[in-house]
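These notes are about the structure you will find just below.
The chains carry the letters A, B, C and D, assigned in the order they are written, with residues numbered from 1 in each.
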């Protein structure tokens, strides 16, 4: 089984990413279950604005699209900015929009039988909303969202330290992240054993 | 297999409910698959404000709670008001909040292995947001949200007719509702055959 | 000048309300500016489901509606439940929906020249989203939302104490609440001095 | 008085933009009131990811930032993608985030006394949510959001034509857009005549 973490931080590599650090807890738990995990740092690729799978020469998206199609498990990892998923996360979702119309030989959208979850970091507040925004979009595209398939680290109220700056709350975020990994894995296995059917006419 | 439709219209019975009418398309498709479908019109029960499973004498919630625990499939059906799920839908979600802490003998939240989807009606606009709000909350509680497990009928821009007032757009909403039923059923069966595991320590 | 705080806690009076306690910081700052402040605990009234100003005998809404029309400043105060405004807050917004069609002698919606802000409490996370949901709806109805007209207290990540259980973060929430009061007052005064015009044909 | 329209379409110029076309209705109504209106097509600038006002050589943002500071009125115009503001709109909001800490000589955030509204286009559904997301963020930054300061064009349910492809619903969207312009203008004038005060200590 394969998973892909799309890290939607605004910071180019190799700058330290809080979001990646928390996503790594989930990835580690998946590796315990023999899942191979790829990581994509989307801001480092030249992902063009648009809603088709290939937006022309130099577009960094087609390679990510291929990685998505190889993975049964998707983890969208994003910081919260102005209370929303990052612009990089929204760009990724816009490019995934074309997958709604891509179907397999059985006429099923390509995202069927795949599962997705969300990792959020930031100071202040916003993780539940960011998670709902992302899982809502991924559900449209055809991903199944297992129960309790998210974790986050936020420390409100008001501005404050980042996830990597303090130990406060980390234990909860990590435990929740390990449960997320277990749930992604369990539902991905269930759907691999018993796939979804083609939409009725 | 059992399903429950919670109709969160603001209108008391037996007044005609657009939301119920569209939800019925999904229910009919489930019955084709031998699923037994219950319907609850939440506004007709005296569901008290609060976040515990039993808010005392006269509280209408405990009976709904029992119905939820008998059903592998949940369909939340709601009108859009001021762009949001109805107050009745939010009341239902608040009362479901206690289910996060209710676990089975294996230590799994009671919503594990259950699936949920959303039906939305209204004039103007708002279905994708309403769906994300509801599925985000149900995912917290432990429900799995199958890919493309929603349908809606809205007719924008601006005010206009209700779902039952016109044929416009109905065919699309019905087809999408049948796909929703198929996806709910497929994922519920997959999880019945291969249940989720208890959260890791 | 008059203000009204609508406290949308789920708890009936006289139970202690965290939301009321934080809203009181804003109210006190308004009183410093000679604003008369009324408070409504909505859950204690029998506010019926529906979207008309009077839903019949026993309906508790018409009295709140009158209070709204006497006040230049509205403060919606709500706990966060499952990441959303409370069902009581949503009920209030649904009943306010009818105000879109209520106009004054000049043909202006009755909410014109009135301002609104939001107070949010809860454990975990969600205040910015709750604020956006409520101000978005109030903007539809015709309320003007001054810059930085909100405060909140949330302490994430994960479950934890309530606002009244700890001193952590209070100072920031109170300072932000005093700024909110100043901004509500300043914009209400500006609109009183120079009212909005009727919508163009 | 000056206004700026930030068009957040994903399409590079000079491709035809539905969003720009609807925003132009609002701009024309502002020009009737002697407001000078600038338009920025954000996707054509190289606006770098980040949350500071200047992200280094080649960054296209500082020029937009200057335009914002010259304008009393801001119109964010965006298509809806996967139910959300476009990635270009979110990028703009992220770059505006730094304005929270930029203050004038009186210690007031630079966005005080400025007003903002939203124009949304798309097929399907989502305008009220997109508006709430954007106005919520702009309110954090310090913009005042006048009552009824938005318009949109969406045609649900399901996929369908774009705004420029059909006349359906246009009249309503235009009338609502003219009211939006009048409300932005009226509140901007009121705040120019009677400015907001500095936040209390």
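Quick note on the criterion: a residue touches a chain if its C-beta (ideal position, glycine included) is under 8 Å from a C-beta of that chain, and two chains touch if they have at least 3 such contacts.
Source: prediction; values computed, not measured.
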item: Set of chains adjacent to chain A and to chain D; value: B, C
item: Longest centre-to-centre distance from chain C, chain (CA-based); value: A
item: Cα-centroid distance, chain A relative to chain B, in whole angstrom; value: 25
item: Averaged-CA centre spacing for the pair chain C and chain B, given as whole angstrom; value: 29
item: Distance from chain D to chain B - Cα centre to Cα centre, in angstrom; value: 35
item: Multi-partner residues of chain C (at least 2 other chains); value: 82-83, 128-129, 132-133, 136-137, 140-141
item: Touching residues on chain D, where the partner in the complex is chain A; value: 10-12, 43, 49-51, 81-88, 90-91, 93-94, 96-97, 133, 136-137, 140-141
item: Complex contact set, residues of chain A against chain B; value: 29, 109, 111-112, 114, 128-129, 131-133, 135-137, 139-150, 175, 178-179, 182-183, 186-187, 189-191, 193-197, 199-201
item: Residues of chain A touching chain C in the complex; value: 82-83, 124-129, 132, 152-158, 169, 172-173, 176
